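Letters A, B, C, D and E mark the chains in the order given here, with residues in each chain numbered from 1 onward.
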Amino acid sequence: MLPILEVKDLKKHYPVKKGIFGRTNGMAKALDGISLTICKGETFAIVGESGSGKTTLGKTVLRLIEPTSGSIIFDGVDITQLGAESMRQLKTDMQMVYQDPYGSLDPKWTVGRTLEEPLRTHYSLSAQVITERIHRILEVVGLTPQHALRYPYELSGGQRQRVGIARALILEPKFIVFDEPVSALDVSIQAQVLTLLEDLQSRLSLTYLFVSHDLSVVRYISNQVGVMYLGKMMEVGPTEALFSDPLHPYTQALISAIPEPNPDKRSERIVLSGEVPSPRNPPSGCVFHTRCPKAMPQCASIQPEWLQISENRYTACHLYTN
Amino acid sequence: MNRAVWHPIHAFLGKLLQRRLVFVGLVLVLIWVVLALLAPWLAPYGPDAIHTEDKLLPPNAAYWFGTDNFGRDIFSRILYGARVTVWTGMVSIGIACAVGIPLGAIAGYFGGKVGNFIMRVMDTLLAFPSLILAMALAASIGPGLFGALLAVGIVAIPEFARLMYGQTVVIKEKEFIEASRAIGVRHKSILFHHILPNAVAPLIVQITLGLGSAVLITSSLSFLGLGVKPPTAEWGAMISYGRNYIISGEWWMTVFPGLAIATTIFGFILLGDGLRDALDPHGRTSKK
Amino acid sequence: MTKLLEIDHLSIEFASPTGPIQVVSSISLDLEPGQTHGIVGESGSGKSVTSLSIMRLLPKDQARVVEGDIRLQGQSLLGMSESQMQKVRGNRIAFIFQEPMTALNPVFKIGRQVREAIRQHSKKSKRAAQKEAIALLSEVGISSPEQIVNVYPHQLSGGMRQRVMIAMAIASNPEILIADEPTTALDVTIQAQILDLMKKLQKERGMAMILITHDLGVVAEVCDVVSVMYAGQIVEQGDVKTLFREPKHPYTVGLLNSIPQFSGKEKRLQAISGQVPHPAEYPAGCRIAARCPSRMDMCDNIEPTLYELDHGHRCKCHLYRGDENVTYS
Amino acid sequence: MLAYVLRRIAMMVPSIAGIIMITFILTRVLPGDPALMITGEQALPEFVDKVREQYGFNQPLLVQLWEYLKQLARGDLGFAWHTGHAVASDFVSRFPATIELTLVSMVIALIVAIPLGIVAASRQNSIFDHFARVLSFIGSSVPIFWLGLLLIGLFYSKLGWLPAPMGRISDNINPPTHITGLYVLDSLLSWDMVALKDSLRHLLLPALCLSMGTMAIVTKMIRASMLEVIRQDFMRTARAKGLSERAVIYKHGLINALIPTLTVIGLQFGALLGGAVITETIFVWPGIGNYVTESILSADYAPIQAMTLISAVLYGCINLIVELLYGVLDPRVRYE
Amino acid sequence: KSSNSQESATSSGEPQVSTTASAKSSAGSTITIAYSQGAGQTMDPHDAGDLTSASYAFALYDQLVTSGTEEKDGKTVGRTDKIVPSLAESWKISDDLTTYTFVLHDGVKFQSGNAVNADAVVYSFERAKDKGESGSLYTLANIKSVTKIDDKTVEFKLGAPNHLFLKYLATFSFSIVDPSVAKSNPDDYLTQHSAGSGAFILEKWDPATEAVFVANKNYWKGAPKVDKVVIKYVAEASNRELFLDKGDVDVALDIPAKDVESLSKKDNLTISSQSSNRIVYLGMNAKYKPFDQLKVRQAINYMIDQQKLIKDVAYNQASPLKSSISSKSPAFTSEGYEYKYDLDKAKTLLKEAGYEKGFTFDLTVNSSTQDYEDIAVLLKAELEKIGVTLNINKVAPAQYRELINKKSAAAYLGKYTSLVNDPSYHYGFLLDSKGASNYTGYSSKVVDDLLAKANVEPDEAKRTELYKQVQKQITADSPWAYLYESNLIAGFNKDVQGYIFYPDEIIRFSSLYK
C-alpha cells in the first residue's frame, strides 16, 4: 500500500526554563528520533504511558508544534519545509480530534458556528451551501441538524466528541490525528464513538493516526501499533502480531497489565516496578532499562538500535541485537 | 452540569436573581442611572440656582436635603451630580477598556518581547498608588472634568490590561483555540471570535467594579480640589465644600452627597460581585 | 448474624435550584469481613455519592438522606453524632480518593500528613508516629520512606501519591477500606502496581473493601462481589464470576459488549445506544428502558424490583419476573 | 535563594527607571511655574529669573532630566522649595508617620478580616457570612474622606472621646525616645506607657478609617479562597481521617486560603499609601501623603518625584517579600 | 532732619517694652497657635515671602525701625504707616533726603550674646541684597550703600529721595541677623535656625506639623510674658475652629468669616475680626477680548453687588472697596467711584460695546482660598442675568501664579495686602505699567507719570493729592472691578491677652500671653 505519511527521525526537544530570566538549562526530549510510516486507509495507533510523547507526536505531525529536527513527508511533500500559508492550506487535508470533549469546543459558540469556521476559513461558500454541508456532516457523525443550534454545554460528552469529529471531517481531509478521542468517555459512549470511527474510515477511506493509552481500544481499532516510551519508539508492528507476540519487554509488560474482565481468560501478569522517569532527565542507554525485568548490563550504557525483526516488525531492544 | 437544559440567559438571570444582595445592587445602580437621566425633570431647582435668602437651611419640605451657603438645593445638586458621576464613570472606564483590553489581549496572545514590554509598562503603572497617580495626572492634564476622567481612565488601564492578559493567556491554552489553529484560522479571527467572547464575563465584572472605583477616585480628586470646576455639582466636591460646615452643624451638606457616593459604589460592587458569581460559579476569574 | 456493613435501601437527594433531585435511589448492599465489593457504573450513576454517604462526607447543606440506613456492625452510622462519626472515619472505615494529585494537602510534608492519620486515632507521640509513618510507607512499597516523609506532595508522582494515600488509609487498621476509583488517573503499569498492592494489603490485614470503578476489568480481577449501578440504582448484583460469566441484565450485557475484547478482534463492538439521563430527568418505570434492546411495553411505566436469582445474584429487570422465565443471551 | 533575591532586585531596575521617566515627564507638565512659587509674591522679575537659573528650570528638559539623574545617583532626592528643606530630610521626618499609619491600618484590617473571612466561609450563608459580606461591601463603598469627616464629627466634636485629630501625639506629652520613628513601637521599646496610650488614641481614628477598604478586600479574598479551599479534595481527605471540622478548617484550610490572599495583602500596601493621602489630609497627620498633596498643588517637582520613586521601590520590595513569603508558605513555589 | 527719639516715648503702645511684664506671666505658660498653613515657610527673614515666615521673622529678629501702635477704643492696634524706633534709637535724614544715619540702641545683644552693632547691620543688608525676597525690596528701596560710621552708627545712601524708606526698613525683610552665626554656618543655616535679637528663639521646627519658639528671657525690650509659643499647622479651617473651641489651641488664625457670628457667641472665645489692608478685586486684562473695551469692564463693574458679596460671601466680615487701594492706606479716596449694582446700566453698556448677546469668559481663581470660589459662584449667577457666561477656572496655587504672572488670564480674582502701607509701594507693584504684580497689564501713561512724580515728591500733602488723582484715573479706567476689603479674623481663647492687630496681616505673637 501507498504510504501517505512518512516520519523520519523526528525530534522535539523542549528547552527546560529555569529562573526568571528564563535561562535554558537542559532539554526535555519529548520526541527523540521517531520514525514511522502510515499507509493510506490504515489506522496507525500510538500507545504509551503518560508523558511518553504521544500527544507531542500527533501535534508535531500536523506541525501544530514545530519539530526540532527530522522530516515529515505527507503525500510526498516534506511539510517541515512549507511556509505558513501553504501549511494553512494543507489543513484541509490533515485534521485533528482532541481528547477533551469539554475543552475542545468553544463554549460560547453553537455547534453550527463551530462547524462553519473551517469552511469559512478555507472557502468562500454561500450560506446555503455551508448549511447543507453542516447538516450533512452532522448526520455523518450520527447527530441531527437540530444539533447545529445547540451550545456545547447542552450536549453530552459523546455528542461533543462527535462534534469534534465532524469539525475535523467537514474539510474532507485525508488524514486525521486522534489524540485519545475516547479516554474521557464512559465505556458505553466510548463504544459508540469507536464504531463511528470505524464506519467513517471505511466510508470515506481515511487514514488515522490514533493516539491512546488504552491497549484494548488500540487493539480494536488499529492496523499498526507503535509503542512509545519516554519520547522513543520501542516497538512497531501490525496490531495482531504485536499483541499476540510482543517483542519488547515493555510491550509485554503493558499488555499483561491490562485488567481482563473475562474471568476465564486471565493470564499471568508482569508488574513493572517503578515509574516512568522524567524526559528532562532520561536514563542513559536504553531508556527503559530502569524498569525492565530483562535488563542486561549493556542496557544501561548502550542505546539499542532500531531493528527490523521481520517483515513489518521493528523494535529497539538489546535482546534482539544479535 | 453539562446536561443543563436551560437557555444560558435564563440560567444566568436565574442565578443572578437568586441572590438578594445582587438585586439590591442592581436596583441601586438602576436608580442612580434613572435619576441621572431624569435629573432635569426630577430636580425641583436648577443645580446652580442660588437662593441666598434660603441659605444653610436644614432639610425641610421645600428643600428635602437642605441648602448650602448659597441656598442651592442639595437634593437637586445631588441629582445633577449623578449625571456627572455616571458620565465620568462611563467615559473613564470606556477609555480604560479601549486601551487596556487590546493591550492585554495582544500581550497575552502573542507574548514574546512586545507582550513582555507591554505588561512591564502596565506593572510599572500599577506600582504607583493609584490615587497619587490620578492626582498627578489630573494636576498635569489640568483640573476640570476632562482632566479628572482622563486621569481616572488612565489609572484604570493597567487593571484591564492585566485582566485581559490573564484571561488571554488562559484561554489561548484551551484546546478549542488549538483546534481552530489546526483548522488554519488566522490569529486575528481567533483573537476576536474566540478569545474576546470567552473573556467577556470577567471583563463585565471588572467594568462594573471599575465603575465603582472610578466613582471613588473621581470624587476623591474633586475632594482634593483636582476634579470638576465649580460650580459643577459633583458629589466629592460637594463634600469637600461641605466639610467646613460640619462644625457649624450643617451636616446635610456633607452627609447626603456622601451617602450618594456610598450607595452608588455599593450598588456597583454588589452588582459586580453578583455578576462574578453568576457568570463564573467558581470565582476563578477573581484571581490572575 | 450482623453484617460488617449494611446499606439498606438508601436514597439520597441533592438540593438544586429547581427542587430536590434524587441521585441515589433505594440502594442496598452488604459487606462481609474480608470481602471486596465492587461498584461499577457509568459516570454520574451515583457511585461516589453512595460511598461518601457511608463516611457521611456529603456536603451537609446540599445532600440529604431521604430513606434507608447504613449500619456498621449493626450500628446505624446515620444516627451517630458528629463526634462519634469522627471516631469511625479513618479508624474503622478508611477512604481513598480518585485524584491523588489533589487529595493530599499541598503545603504539608508527607510525613506530617501520614502522622496525622496515625495520631488521630491513637495516643502516640510524634516520634513514634513518625516511625510508624515510615514503616507504613515502606509497607505500601515506597522505597526510601525516610526521605519521602520529608518531601511535599508535588514532588511525588501520581503513583507515589496514591501509595501515600493508601498508607494513610491503612494507618489505623480499618475494618473497611473504601476506594473510589483509586487507579483511574494512573497509567496502566502503575495501575497494576496499585491494584496488586491493595490486594496484598487486604489479604494481610483482613480488611473488607469497597472498590468503585468504571473499569470492568479491574472489578473482575479484584472483587468478590459486584454491584452494577445505573442512574442511581443498582441494576445487578452478584458474585463476580457468575456475573461476568452470565450477565443477566441487558445493561450489564451491553456494558460488557462495549469493551473492546482484548482477546480478539473478531467481534465488532456493540455499543449501547443513547446516554445516561440526568438525575432530574430519570424516567418513571425502568430507567434504562430507552436504551434497552429488550425493552418491553411495561418497562416504560413499571419500575422493576431487584429480582433474586440464584446464589445471591440479583437483577433489576422485568425479564426476570418470577412468572416468565426468559433468558437473555 | 539569595541569588534569587538579588536577581529580583535587579529586575526592579527597569521598572524603577520607567517610573523615574514617567514621573519626570508628569511633573514637568504640571502646570505652574515653580520659580514663581519659590520666590514670594513681592519678588521682582529679575529675582524670579535668578531663581529659575539657580534651579535650572530654564534648561531644556533633557538637560534637566540628566541633572536629575545625576543628582539621584548621588543619592540626593532634591530640594523641596515649598517646605524649604531637602526632600530627604522631609521624608525622614514624615515617612515614619505614614509608615506607622499604614502598618497599624494593615494590622487592624488583618485582625478583623482574617477571622471574619474564615468564619464567613466555613459557615457559608450563615448570619456571620452575611455580616462579613455586607461589611466588606460597605467597607469598599464608603469613601475615606467622608468616613473620616463623620468619624471626627462623632468621636471628637460630639463625644469628645478621642483627642484632636492633629498630629501624632498630644502637645503636653513628650514623644517617645526616637528609635524607629514609629511612636507606638518606640514607646513600647522604651516602655513609655503614657506616650503609647496617647499615640494610640491619636492613631485610632485615622488608622480605622484607612483600614476600611483593605479590611473589606481582605475579608472578601479570605472568604473566597477559603470557599475554594473547602471544596478541595484534600479537605475531604482530612475529614476522612476523622479530623474534626475545626481542625480541618484551621489546620488544613487556613494556610491554603492565606496563600492566594498574600498577593492581595501585598497590593493593598499600595492602596493604603494612596489612601493615606486623603486620610492624612483629613486627620492632619504629619505624613508623606499630606506632603505629596501639597507638592502636587504647588508644582514642587522634587518631592513628587521622590515620593513616586520611593513608593515604587517600596512596592517592589513588598512584592518581593510577598513572593518570598509565598515560597515559605507554599512548598510548590521555590526560588533558586 | 529730625530726631525721632522722643517718638518712642510717645508710642508706648509696644506692650513688650514694659519691663515689669515678665513678673506677671504665669510660670511655664505656653501659647499654642493654629496657623492655616505651613507650606513655603522659612526661618530666614531675608528669604521669607509669606505671612507665616514673616511672623517668624518678627518673633526671632528685630529691625532698625518698626511699625507703631495706637490705642483705639481701649485696644492696642498696630499702625504700619507709623514708624517708631527699634534697634535704631534715632536717625537723621539729610536735607536732600538721600542719606539716612541711624544710631543704634545701646547694649542690645543677639541671642548668642554678641552685640548688635553697625557691623551686624551692614552684614545683614549685604545679605538681604542677594536674597530673592529681600533683594527685591532692597532694589525697590533704591539703597546705594550701607556704611558703618562707627560701632553704633550706620549710614544709608539712597539713589533718590524715597519717602517710604523707613517703612521699608520696618519690614521683616530687613531683619538684622547675627553675622557671627550666619557666617560660620552654611548659607542655608538660617532657613532652619534662628540667629536674631528678637523676643523668641527657635526651639524646634517640623515644617509638616509645628514650630516651637521659646522666650528670649534676656530680650532687650523685656522678656515675653509666655515661655513658649507653639505654632501648629492646621490646613483645614474647620479643624482650627474645632481645636480652638475644644481648647486644644489658644489661638486660631484665619477663621472663616461664616463662623464669626456663631463663634463670637461662645463664652470661651474671643473673635477678632478687623479690617486689614487686604483688597479683593476682579482683574480684567485689556489684552483679551472683550475686556479691551472700557464699556465691557464698566458693565462688569455695574454687575458687582458689593453688599451682597459682603453679606453672602464674607458674612459681613468685610467692607466695601471703593478704590484700588485699601481705605487704611494714606491718601485713600473713594472719589470717582460711581459704580453701584445696576443691571440695566450694565446691559446698556454691553449693548453699546456690541455685546448685546453677552459673551463667555474664564475667570481664573486660586483654589487655595474658599472665598474666591464663592465670589465666582455668585458672580456667575449675576452675570448670567446679562447673558454673560462666566466659567470658573479654579486652579491650584502654582498654576494660578503662573497664569496671572504671565498675564495669560483674561480675568482673575486677585487679592493684595500691602506689606508697606503706602500708595507708592502698592501701585508700584500693582498698577504701574511695569509693576511686578500688574497682572491685568494695565498701562496708563497718566498714572505712570503721576506715580513717578509722587515718588519723588517730599511734601506729604502734595503727594496725597497726586495719589488721589491716580486713584480717580484708575477707577475711571476700570482695569479692576472692586469687590471688597476683607477682614483678618483670628480666634482666641478668653484667657489669651495681648493681641495686637496689624493691617499687614502678619501676626506678631510676641505680645501674646495668658
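One rule holds in what follows: a residue touches a chain if its C-beta (ideal position, glycine included) is under 8 Å from a C-beta of that chain, and two chains touch if they have at least 3 such contacts.
Being a predicted model, the structure only gives us computed values, none of them experimental.
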| item | value |
| --- | --- |
| Separation of subunit D from subunit C in steps, with touching chains one step apart | 1 |
| Pair joined by the larger number of C-beta contacts - B-E, D-E | D-E |
| Cα-centroid distance, subunit D relative to subunit E, in whole angstrom | 40 |
| Centre-of-Cα separation between subunit E and subunit A, whole angstrom | 90 |
| CA centroid of subunit A to CA centroid of subunit D, Å | 55 |
| Distance from subunit B to subunit A - Cα centre to Cα centre, in angstrom | 49 |
| Two or more partner chains touched - positions in subunit D | 30-31, 157, 281, 296-297 |
| Set of subunit A residues in contact with two or more other chains | 156 |
| Numbers and ranges of subunit E residues touching at least 2 other chains | 236, 242, 367, 395-396, 399 |
| Contact set on subunit D toward subunit B in their complex | 14-15, 18-19, 22-23, 26-27, 29-31, 133-134, 137-138, 140-146, 149-150, 153, 157, 220, 224, 227-228, 260, 263, 270-271, 273-275, 277-278, 281, 292-293, 296-297, 304, 307-308, 311-312, 315-316 |
| Residue numbers on subunit A that touch subunit C, as the complex places them | 49-50, 156, 158-159, 186-192, 194-195, 198, 213, 215-217, 219-221, 239-240, 253-254, 257-266, 269, 271-273, 275-276, 291 |
| Complex contact set, residues of subunit E against subunit D | 30, 32, 38-42, 47-50, 132-133, 135-137, 139-140, 191-192, 206-210, 230, 232-236, 239, 242-243, 246, 248, 367-368, 395-403, 405-406, 419, 429, 436-437 |
| List of subunit B residues in touch with subunit E within their complex | 48-50, 52, 55, 69-70, 139, 142-143, 225-226, 229-231, 243-248 |
| Footprint of subunit B on subunit E - complex, ascending | 236-238, 241-242, 245, 256, 258-259, 262, 308, 311-312, 367, 370, 373-374, 376-378, 380-381, 391-396, 399 |
